[in-house]
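Each in structure tokens, the structures are laid out below.
Next, two complexes with chain A in common: one pairs it with chain B, the other with chain C.
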Partner chain A sequence: MSMGGFDAEIVRDFLTESGELIIQLESDLVVLERSPKEPAMLNQVFRALHTIKGSASFLAITQLVRIAHAAETALNAARNGQAAIDRTAMDLLLEAVDLIKSQLGQIESGSALSEPREALVTSLVAMGEPGGGHSAPTPVAAPAPAIAPATPATKAPTPPASVAGAIPFQPLKLEGGKADLLEFLIADLDESTTKVATAIQQFAGNGGQKPAKPECDQLADLGEQLVRTAQFFDFAPMVLLATTVQQAGMHLASLADESQQQVMPRLLLVCELLAEMTRGVRAAELRDPPTGCLLENITLLLNSSEVSAPFQLPPGCGLEAVARIDGTWCPAHTPAPATQPTSQIATPAASAAPAPVAASVTVEPTPPESASQAGPASKPDASGAGKQGSGENTIRVDVSRLEALMNLVGELVLQKNRVSALTRRAQMLECSDADFSEAITLTAGALDRVTGEIQTAVMRTRLQPLDKLFGRYPRLIRDLAGKTGKKMRLVIEGGDTEVDKSVIEELGDPLVHLLRNSADHGLEMPEDRAKSGKDETGTITLRASHEGSHVRVQVADDGRGLLRDRIAKKAVERGLTTDEKIAAMTDREIFNFIFEAGFSTAEKVSDLSGRGVGMDVVRTNIQKVKGEIELSSEPGRGTTVTIIIPLTVAILPAMMVGVGREIYAIPLTNILEIVRPQADQLHTIGEHAVMRLRETVLPLVSAAEVMELVSGPEMVEEPFAVVLSMNDRKIGLMVSKLIGQQEVVIKPLDESQPASKRAVSGATVRDDGGVSLIIDVAELMRRAETLHHASAA
Partner chain B sequence: MRILLVDDSKTMRNIQKAVLSQLGHTDVLEACDGQDALSKAPAFKPELMLVDWNMPNMDGLTFVKTWRQNNKQTPIIMVTTEAEKSRVIEAIKAGVNNYVVKPFTPDLLSQRIQETLQRAGVAAAAAQAASAPAAA
Partner chain C sequence: MSTTKTTDTNQPFAGRQLQLVTFDVAGEEFAVDILAVQEINRMMELTRVPQSPPEVEGVINLRGKIIPVLDLRKKFNLPAAAKTETSRIVVIEVHKRVLGFIVDRVHEVLRISGDIVEPAPPMACSIDAEFIAGVGKLPDRLLILLDIDKLFSAEAAHADAATSKHKAA
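For the complex of A and B:
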């Protein structure tokens, strides 16, 4: 697909960036629905759409631009307070976002883009145009009131047309883009020249008092802005006038009284000239009224020089007199400046102007658009200055490069282990050169440390906050609430918890499933909740936290909870267990039948959570990343599903143990302690071997037996008990030998082999170069249970 | 010519960079928002800036206002969208020298850059001329 001739990388960047923005956008929209007038959120949402649209327009993705523009129009109206974000509006916006999302997918896969639904575009755009009807972008509405005052100007004593005849002018010609700005320019000139005039009139009507510094600064700013505007449009005569205004602002406050008296009437004349030019622009004329010596005289006076005798103004000099003395154009029939000067100036504040107190320089009836935006826009200024250099400090790296790096680090760890092993051997060889031997030991130690740090650093590069994932769910819950007719809210805790990228990927679908389950089966209808004295709105909590080298993610609801009997009954029906065994089982054991394949207790199958094929898939997914899933529930109080996953899946610290002649690796995180039980600690309960450890009794399993190393009665001597724990369950694993701690790099086993049958999660290369299997503790525990149950049966 | 490109979207920066390089401008530094631009510009001493309007942290308008407090001359082109056009005058008053509406063609940008540089030269000369008598 040709994207406006831009190369593939730009398109790919566009897809990545837009994809991220869309996820953020979705969750922001849901937040926005709750607090629809939040300006920060509105701006953020608007900006995200805007960015996507801007890039898309370059890439000539018209279908996407069209829908993004419509949505943006609606949001802009909301920002300006013209439209409200109600439920209907939100549905439209979300539909637009969905469409953009699928369009992005279509671009990625190179398929044809879907066109937005016509009604969708129309409704969104209509939000932006309460009047409906014209197709111009919304903000056009803003300048309109500012242009309106043009009409009163014709009622002024001096009809501009009659004066214009005397003024040299050129037709106003604006190049391409600038012509588009004409109407905004007129509005702005009206406003700016009025502001300048009001300020100067106030100074002049101040009874000879020196203008205050802040007001002067404001005048200088107004002048500077006017200079910039005039420069931009190449209005040379206006540039000169505006520059004079700017200089006046800079010097007036420090000017001697005599100079003030000489300069003020002249400045009032400057205002008249500016007003005349503004009228010219409105009439599409670039008027250049003669200014004679006016500007030179003002410059002289402002620099505290005196004007020569012929230019000295008598006290109380009117505009006409000033114009005559300085040889400028003069508005005909000009009344005395102090009383009614504003009648000449097209101003919305015309009636207010004779009372200068009311019409201060700062407060003017400005068009709502510019007024509302000038304020907030200038604010970040101050806060921004403090946060210097907080620029872009992230870079995007292709995941495959990180994976390659990770693999190399894995190899490095193996080699480091090997060096450590060789060093130990070298020490035993009684090297004659003690210094040499020590140097090797030191070097090996340093290598060990550095490798460890590299490993951590590389692992960190792959960590991402769970928010990336959690951000999608508020939308999901919103939609589920709509579909089920239940009231629910999602509370997210610990979204900043960071986990490995692969974990994020594997966690996505299971969490969707669990959330759906909670929404669909867990939470009750509002009436039912009210009956049982609960808040009508159900709460689903998505919680994440670090737990050592693991991450715990919980999905908890405050719904109806699970019924032990019903699940037990179903489990028996499904042939998963027997009535006798049920009696001896804990609630947890029973609840966890839910994770078995094909198990579902939902009385009616809904299209939301499917047909009970879910939970076993959830468990499989979680186990893929060496995680564990557990469920607890209290009838009437709710259900909590807890997922525990390792931060990373590639390298893990392990204890190497000998079982018979084999050596196995056990993940260190699962080992609580290792003991050498005395004979009086070992017992059998029923047919189960158990060990008394301080106050508790632990089931014991023989590693040789679970790993199926022994088939006959011949016994492998296993004097050590490794106490393993996972999800609050503990067992003791009997092993023959303790070898030591090692970092092991997991090499996956051939997937086609039934690895789980042997409670093995992978293989690794040991520091002595041999290969060891890594014990899968979760599977081991399950096997131990079945062994026990089998022997009990 | 040193050009500072200020835009929060990497895609947009890439696109503009591609356009600029088609025009033969390769000495381009990127900044991702107004604050970033403020921190990078003094050392880079850009001879031209292309500034997006809508950005997080510090938007283009605020950046231009802040920058103009101490740097009157640096030519600035505001990159806007159709919808922002109503506010272009605001940007002009803040001190941008020109603007270009997205999406633009290389030709249009080239034209705007030339216009801007030429006018900036003229304006600088005029400013000097205007300030000369005032200083006297």
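For the complex of A and C:
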């Protein structure tokens, strides 16, 4: 690995960017498998891979470039219609993606990179080599750039005689790591230049019509790629030309016709110059053809300014004329008008095929479908446009900075609460100066509002669409389908639902568990499904939606469903309940047993085995982010698991309650109601207090006892019962007084203290500056339960 | 002093200038290195946390950060006493962990020569000798220099045996 020479920041950026791309790539590939001929998808996949390869080659990560290049070759062939993306091909591609993924991980951890499996590289590259006699489509052997007039570049290491005489050059020198990549890079350069030339020719040949925005965006994209490649050679003139192309892509669409006419021929000339440089690189020379005022003029035009009179191009003027006017180097046999490049077509295949619009697309000798990648296809451009747009409108921010900001906002909220409290006090003092008191109230109100808005805004910076997570799952389902031999599809709904980053992180593993369960145990084998009259292909639906300040995520399958009797039987076997109790239980209560730790691992052969594997882990994870999980199932119709989680974990709506002299916060989401029980509602069963509430009997827990406040003989009076619910269980928590609702900012308690067994999930600062502990309802429930089990036994 | 110095030699701080914050706990005068002290606060209301070690008196809000506060009397097995007007919470940072401890009174910032500090005689006072970095012999009185590393890493270890990184130091 030769990362040594690069700034850690650059490497990190590369890792972040490539990491994101690879996740996208993975899910795109699965989509591609379903519709292998979809050019938009093919292009998107190709582009993602290409970007990764480009960055990697800039960083001289040879192993990664090698595999990326092989995969790209295969994809390119598919794009050209020379190879089909069948299952085998997809397996190869996914293997390549996996390898890149692990390589990225290795770069991150600083360990040695694994080399691609030789057979993998060979097979991928072989996909790119057509059986027929027509040209090798691998970029390495890509023919000369489109408008290059000369013989194919591979055979033309020396430049054609130019009007402006010999081109100055310096020998191309590359470090060891980069030299290995030269071949790839040249291919890249060749390809990008060709595409740019094709695109511009299409614009120019468009009869004065303005190029559409998406096409321009694509040009900008191409330019960007070109810049990257050029940077690799560390050759400023080339970077400059590439940047000009990129700029052109960004501004062309908004130019007046007049400027367009002036700029198009010039851009064609830029392509010529780039092509010449590419030829130079191939001959290990960094050629620097004089560019005169060309670039300055283009920049002027792109900024919607006029070029001065001597530089005005007459309509329809050829490259040679442009070169003369701007004083640049010019290729020898300039094809006369730009719209009709009579260039020698490099491959027989291409010359035989009627090439679309710009006559000389030699890299894609296939009919319009795949040729669209450089041209006016709309779909890939749409994504390109999106990418371009986001590139301009977003910045990457270190998460720790956002977290610091979040903490500060939390502080601000606290101080605001204090100001509100002080204002209330000031009002009670009945300040004699009415104006003053009103001013204070107004200011406090404004502060309140602004703080609220800041809080929302900052919180939003941490929100991310669930797609970020969901994007990984099509691949998972594909692999599971392969392993289980079942037919299944994954339907994703509401992937644009946004939730807090930390929630996304906590949700990842549970969802994998649930999907795996659905695929593995929920869905039946195709023949069984057919027998019971279902579609052979099982459907797993992953659904997300907002629900107030919560997000609901559902994993549903249309499989066989849970079998009540089996679960009940097993629950009795494991001593979790008794036969008598079972009879009175609802389905839901019985299904809840599968959340018990290790519930289903006992018997591996049964239908429901595995249904519970990890379900306790799932529930624990969900509870960690203050979420809840529910399960419903219908025999023969399928199982649905619903997860409800708060949008954010940093701020919690809570009810503040007093217990003795302390004040505690209880998460509002868990509170069903608050009652003041009358004496006749209170009973004891065994040694345990219970409360009758309408038709149900709730176990009662004293907050003072849980919080260890009763040290002496003094009794804490607790007249109120807060009815808490979680996962369908209810208990009553007795407290002394009710203070009111408040949004509390969750602060961690000192970590070095044992947090496991205390019924406190964190702390918060009240508006009077004091600290209140936040009651952990899940732990409270557990305790109440153990008490009950103990008393029942 | 915030770093663990071996106290094998007779003069653990020989040749060094020490800048100390001194305070009273149960009638004895203690000192800690000023660099470890973040701030000294008046007593504030403590929030008790269930299931915490006995010497942890509770938690406080230190400008938005929740930190644990220890009672040095309990830590040293000294008789408990009511908090007074002069009681203070000394906030220190040890092993990247911020915590406070309650003292009866804060005296002064003192500059002494390390030459006058001697290792603690094992039976010198009521507190465990392992928490004592040395005893400073001032002209008019003795000063007990606390080894906060040991003092509070032991607390951490006691609180949670799993956090071995504290213990290791």
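Quick note on the criterion: the second predicted complex is superposed on the first by the 398 of 793 C-alpha atoms of A that agree within 3 Å, B and C clash if a C-alpha of one lies under 4 Å from a C-alpha of the other, contacts with A are read in each partner's own complex, and residues count from 1 in each chain.
Here is the rule we go by: contacts are C-beta pairs under 8 Å (C-beta built on N, C-alpha and C of every residue); 3 or more make two chains touch, one makes a residue touch a chain.
Treat the numbers as computed from the prediction; the structure is a model and nothing was measured.
Scan A:E72 for contacts with chain B and chain C and give back first, second, both or neither.
First partner only, chain B.
Spot which of chain B and chain C makes contact with more residues of chain A, would you?
Touched residues of chain A are more numerous for B.
Quick check for you: in the superposed arrangement, does A:R47 touch first (chain B), second (chain C), both or neither?
The first partner, chain B, only.
Would you check which partner chain A:I440 touches, where first means chain B only, second means chain C only, and both and neither mean what they say?
After superposition on chain A, A:I440 lies in contact with neither partner.
In the overlay, answer first, second, both or neither for which of chain B and chain C A:V31 touches.
A:V31: touches no partner chain.
Chain A residues touched by both chain B and chain C?
Common interface on chain A, chain B vs chain C: nothing in common.
Mind listing the chain A positions that touch chain C in their complex?
Chain A residues touching chain C: 407, 410-411, 414, 662, 706-709, 747-754, 757-760, 763, 765, 769-773.
Which part of chain C faces chain A closely enough to touch in the complex?
44-45, 47-53, 56, 59-61, 63-68, 97, 99, 156, 159-160, 163, 166
Quick check on the complex: what are the chain A residues that touch chain B?
For this pair, the touching residues of chain A are 4, 6-7, 9-10, 13-14, 17-18, 44, 46-47, 50-51, 53-55, 57-60, 72-73, 76, 137-140, 142-143, 175, 177, 180-181, 184-185, 187-188, 192, 225-226, 228-229, 231-232, 239-240, 243, 247, 296, 299, 302-303, 369-370, 373-374, 377-378, 380-381, 384-385, 387-392, 396.
Would you tell me which residues of chain B are touching chain A in their complex?
Interface residues on the chain B side: 8-12, 14-15, 18, 30-36, 38-40, 52, 54-59, 61-62, 65-66, 81-83, 85-90, 92-95, 97-103, 112, 115, 119, 123, 126, 130, 133-134, 136.
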